[in-house]
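Got some structures for you, see below.
In the two complexes below, chain A is the common chain; its partner is chain B in one and chain C in the other.
Moving on to the complex of A and B:
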């Protein structure tokens, strides 16, 4: 990493601070200004003004919003994400970290599968251009993509659990075969998009002069495909992967709901509906942080891989 | 196809197979690091994935559960989900049996004196806490628990509502006194509780978690985290709690009312596709959504014989705000009440998922009377009532608010909306408001008309009629006020003779329905599936301790 690149990295990281700050302020105020707060939710229909006052005091909601914000940031600096009003037995970290971890692993496995399948299908379709295999491959994956999760999941459950009795349906952790169905449902639909992206990219590269030159030199087809075509065609995929990664940690509401997975997608959804202030904030901040970091990482990766980008970076 | 193409194709296929295989290997092996963390659990938790006798061979009941919202501290419980666990882990002086009758728990017997204002409880001598050697529960423990509930520093959301009739409790709760004057320890096994006013339903109130007995030693030695391993006197104790995954309760062998027959009850918190999981023999108890009711109850379905309808002690209703036009005119309210066809909506649209309500109090409620009647469905009469009202011919647009997250309104609401529009020629707009904002607007009386519901905290008409319709009740958000109803409710509150009390409630209920400020629609029913090997699962309409009656018997 040259000195230009280092400066660039530092500058980008410094820029992340105000971005995250602005996000935290906006979300914090939005939550506080929306009608209805966690105390309404806790007391429900049995709400009494004086009891609400006691609870607001307990959670600090009786303070002016900017004081609440400062306290929040103070605690955040100490690593304390606050308390969950929906799971009073646990702190926010205890609620969200295990769930993020479950969703991340699940999403990561799914993304590896869909990128592997998608890349293979895309390269294959591009090389098979002009034959029926090209539209067949792409159409197949599009058809898979077109099946809604809430149709695919019950159908898979019926087939693999009830009829074939190969897997169970409850959550038994990653070591159990029960994990296979949710992974299939999470990974297969994403494949079509990747395949089409890769196919377009490979087709672009196929027309490049250096591919023709390589073939003209008499290089073996395998070398041409792997070193000349694949390497250049897959470069743009970095952006797609990079931007998909933060989403992985967000989990999937529908799949988690259908398979009873203790993931962050459902937690986030329920937290917003409750509302559960500190959990929402922690999730938004965490998500923003990942997104900002992924963007920086992608840009840096390009700079490392592609010298032309690096020159631009050093200038700008 | 060229030779090159063919090679490529074969290569791709081989690659795909390898890639998928590799990922599954990673998925299956890579996760093993975190799944042996269950400390000291009864061997390996892994059950046979699914097989008919697998679930019926053990002695552990697996049921769907919900994540508790409150901590597992009786005085903090304000939601049904948490109560479900707390009533099994803790106990109080008295408890409800599965017929909703008050039964002795920690108390062995009691005497009522002083014109119904003094209750003297004699405690059993064999009640012990789960852990902490064999410490016996004494009158001091009971006093401590009530004092703790009333302590304003503990901010209990329910203490005043349920225990407010105990002399001195309100003063303590409002920090005007250092202790609750009405709770007196007579000796180790005797405690006396004085009330502000005589009350026939005080014992019912005492069955609510806020009156449960907690372990002072445990709380004082670990004030922050004692609820992680709560020590109570209930039939089960908490063995494991993984948020969003499971809660495991294990049997308390020394339970004074008879040890449970089950070794453990596992509440699976993940949800998922419960009906499918039930069919796949993964859970003992399943719930049927209304949309699938027809297919489950169908005799050709093998699980039809497992089906049980469990009534819920609750009521759904619409509130017509008498403070807002056009519902300030009783004729308009009565027209709306007369133009609602509960029975057809329930049978045609809901597959009889509910019971059409012909009163406000649900039939499970003690004191329920069949003589109470809502307005009979009669479109002609409804039109006539509307024509007689002062809004005849110029009825304003009506907004019907309901608590919802912005998705399409349920079929039920749409059907009722259409019914009113067709019968009365009004325009009704449905408005969804998210739940906590809905509650807030409701309290302020801002709605013209809204969809509402109420469920029982304790089995007594006071909990429905007194709480919602007495003009001095703080929960009377509709600001309903009828002098005759007030008189009846007040008299019923302190009446000692149960038959006379219930008669007064019946009269009051009929007056309330005649005023048509509320239009009861349905009494809910829970549609439950119970595996044939599960015996003694009670169909009870409230949250009461019930798992100690259940046993698993393989056929």
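Moving on to the complex of A and C:
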């Protein structure tokens, strides 16, 4: 990493601060100014104005929004994410951390499967160019990708749980075979996109002059594939991987709902519907933080791998 | 040869399917065999399997499922066209070219805005936006009913407006990033420098030299974006926050039939909406994939 790249990294990291600040302000104001507040949700049918006033005071909702925001940031700086109004005995951290952990592990397993299958299928298709195996491979994954999760899930549940009785349907944690179906529906749809990207990318690179030159020089095929083709063909894949990673921690609402998984996607959905301000805010900020970091990582990786971009960045 | 033939045949099948799909959507009232809203709540009329009088059977309220599926295609057609033109084409391609070619503060502004927008967890925010606005649906649609020519359609238009507003802010970022990354690399190419040196205008450089190189990856983005865009509405409707009954949407139709036990007893409830919508996604995937092959300047030599 040269000195220019180091400065670039520092600049990007400093940029992340105002970005996260703007996100927090926008979402904070959006939540407070939108109709519906947590107090209505807590009281529900038993809503009485005097009780509502007491609760609003307790949670600080009676104060001007900018005061509430400053308090929130003060607490955030101390690592306090606030309290949940849906789970009243618990802080936001206590509510979200175990659920994020479940979703992250599940999502990570799924994404590893997706990328392994996708890269293999993409390289295979590109090398099988000219035969029917190329379009067959890609079309197969495109067909898999086209089946919505909420169609695939009940169909697989019916087949494997009701008909064949191979797995159960409830959530039994990571050690149970019941986890196979959710992992299948989480990982299979993403594969097509990766396969297509890898294939297009490998095909593009195959025709580059430098590949022809490398072959003409008499370099072994292995060297050509690894250093000339793979290095350049990986370039667009960085964006795909980088953008997919933050989503892993966010969980998948639909899959979690269909399989009864105690993950963060469902928690977020319930928090939005309630609404549960501090939980929503924490999830938005957490997700945004991961995303911004992933973006910085993507740009840096581009700069490291493709010198053309580094020149452009230094100039711009 | 076989490869390009099979690919083209599949893509052609995709195009034909999409044409039929969009035709059904646009001319839904002519295509639908019955009134999709007419309920017949009796044991003989509810939850009937396919028959000669109801081609795809009936739903829980005795409505003709074939007609509801046809009207669901209309929902999908309108939604994809609106979001695609405003989100992907206008914002996505335009901003990506601008950012990648101009660089400097224009690039910084666009990409940081994209980072702020894209940094938000999309589904959560889409849910938050729709949930917040849905509490006001009645106010908005009554106002529209009184002040515009929409009349009875006001509630549906309002729901459409809400999901479009929830989707478009997030619809451009992916394609902008792809286009910009490509444009950034391409503007360093010798032929771009040559064009600039011969005094070609910025517009000409962007459209004639940058755009062709950017198109393949942009099209991959848009074609997968098409299924994704339609998917956003279907998902929101499945969760009950998008287009909800009585207006037909694939999401709400599927949620009626989703569930292993329901699937066992009334398979038509899930299969009738699921097969067309899966074919719709598949068709877009195939068309997008074939377009990449045809439009890529590199692909022309290899095919």
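Quick note on the criterion: the second predicted complex is superposed on the first by the 290 of 316 C-alpha atoms of A that agree within 3 Å, B and C clash if a C-alpha of one lies under 4 Å from a C-alpha of the other, contacts with A are read in each partner's own complex, and residues count from 1 in each chain.
The rule is short, and it goes like this: a residue touches a chain if its C-beta (ideal position, glycine included) is under 8 Å from a C-beta of that chain, and two chains touch if they have at least 3 such contacts.
For clarity, every value in this text was computed on a predicted model and none was experimentally measured.
Novice: Just checking: does A:44 make contact with chain B only, chain C only, both, or neither of them? Give me first, second, both or neither.
Specialist: Only chain B is touched by A:44; chain C is not.
Novice: Quick one: is A:248 in contact with chain B, with chain C, with both, or with neither? Answer first, second, both or neither.
Specialist: neither
Novice: Report for A:202: first if it touches chain B alone, second if chain C alone, otherwise both or neither.
Specialist: So A:202 meets neither chain B nor chain C here.
Novice: Counting only touches as set out at the top, which of chain B and chain C does A:157 meet: first, second, both, neither?
Specialist: both
Novice: Quick one: classify A:88 as touching chain B (first), chain C (second), both or neither.
Specialist: first
Novice: A:188 in the overlay: touching chain B, chain C, both, or neither? Say first, second, both or neither.
Specialist: neither
Novice: Quick check on the superposed pair: does A:179 touch chain B, chain C, both, or neither? Answer first, second, both or neither.
Specialist: A:179 contacts chain B only, not chain C.
Novice: Return first, second, both or neither, reflecting whether A:303 touches chain B, chain C, both chains, or no partner chain.
Specialist: Neither: A:303 stays clear of chain B and chain C.
Novice: Just checking: does A:109 make contact with chain B only, chain C only, both, or neither of them? Give me first, second, both or neither.
Specialist: Once the two structures are laid over each other on A, A:109 reaches chain B alone.
Novice: Does any part of chain A touch chain B in one structure and chain C in the other, and if so which residues?
Specialist: 34-36, 131, 153-154, 157-158, 161-162, 169, 258, 273, 275
Novice: Any idea which chain A residues touch chain B in the complex?
Specialist: On the chain A side, the touching residues are 34-38, 40-48, 50-51, 54-55, 57-58, 85-90, 94-95, 98-99, 105, 109, 112-113, 116-117, 120, 123-124, 127-128, 131, 133, 153-154, 157-158, 161-162, 165, 167-180, 183, 221, 225, 257-262, 266-267, 273-275.
Novice: Quick check on the complex: what are the chain A residues that touch chain C?
Specialist: Contacts found on chain A: 15, 19-20, 22-23, 26-27, 30-31, 34-36, 129-132, 134-136, 138-139, 142-143, 145-148, 150-151, 153-155, 157-158, 161-162, 169, 192-193, 196-197, 200, 203-204, 207, 236, 239, 243, 250, 253-254, 258, 265, 268-269, 272-273, 275, 280, 283-284, 287-288, 291-292, 295, 302, 306, 308-309, 311-312, 315-316.
Novice: Provide the residue numbers of chain C that touch chain A in the complex, in ascending order.
Specialist: Where chain C meets chain A, its residues are 2-3, 6-7, 10, 103-104, 107, 112, 115-116, 118-121, 123-125, 127-128, 131-132, 135-136, 174, 177-178, 181, 184-185, 187-188, 216-217, 220, 224, 227, 231, 234-235, 238-239, 254-255, 257-264, 270, 274, 277-282, 285-286, 289, 292, 296, 298-299, 301-302.
Novice: In their complex, what parts of chain B are in touch with chain A?
Specialist: Residues of chain B touching chain A: 1, 4-5, 7-9, 12, 15-16, 19-20, 23-24, 26-28, 30-32, 34-35, 46, 49-51, 67-72, 76, 78-79, 152, 155, 157-158, 160-161, 174, 227-228, 241-245, 268-273, 276-277, 279-280, 282-283, 405, 434-441, 443, 454, 474-475.
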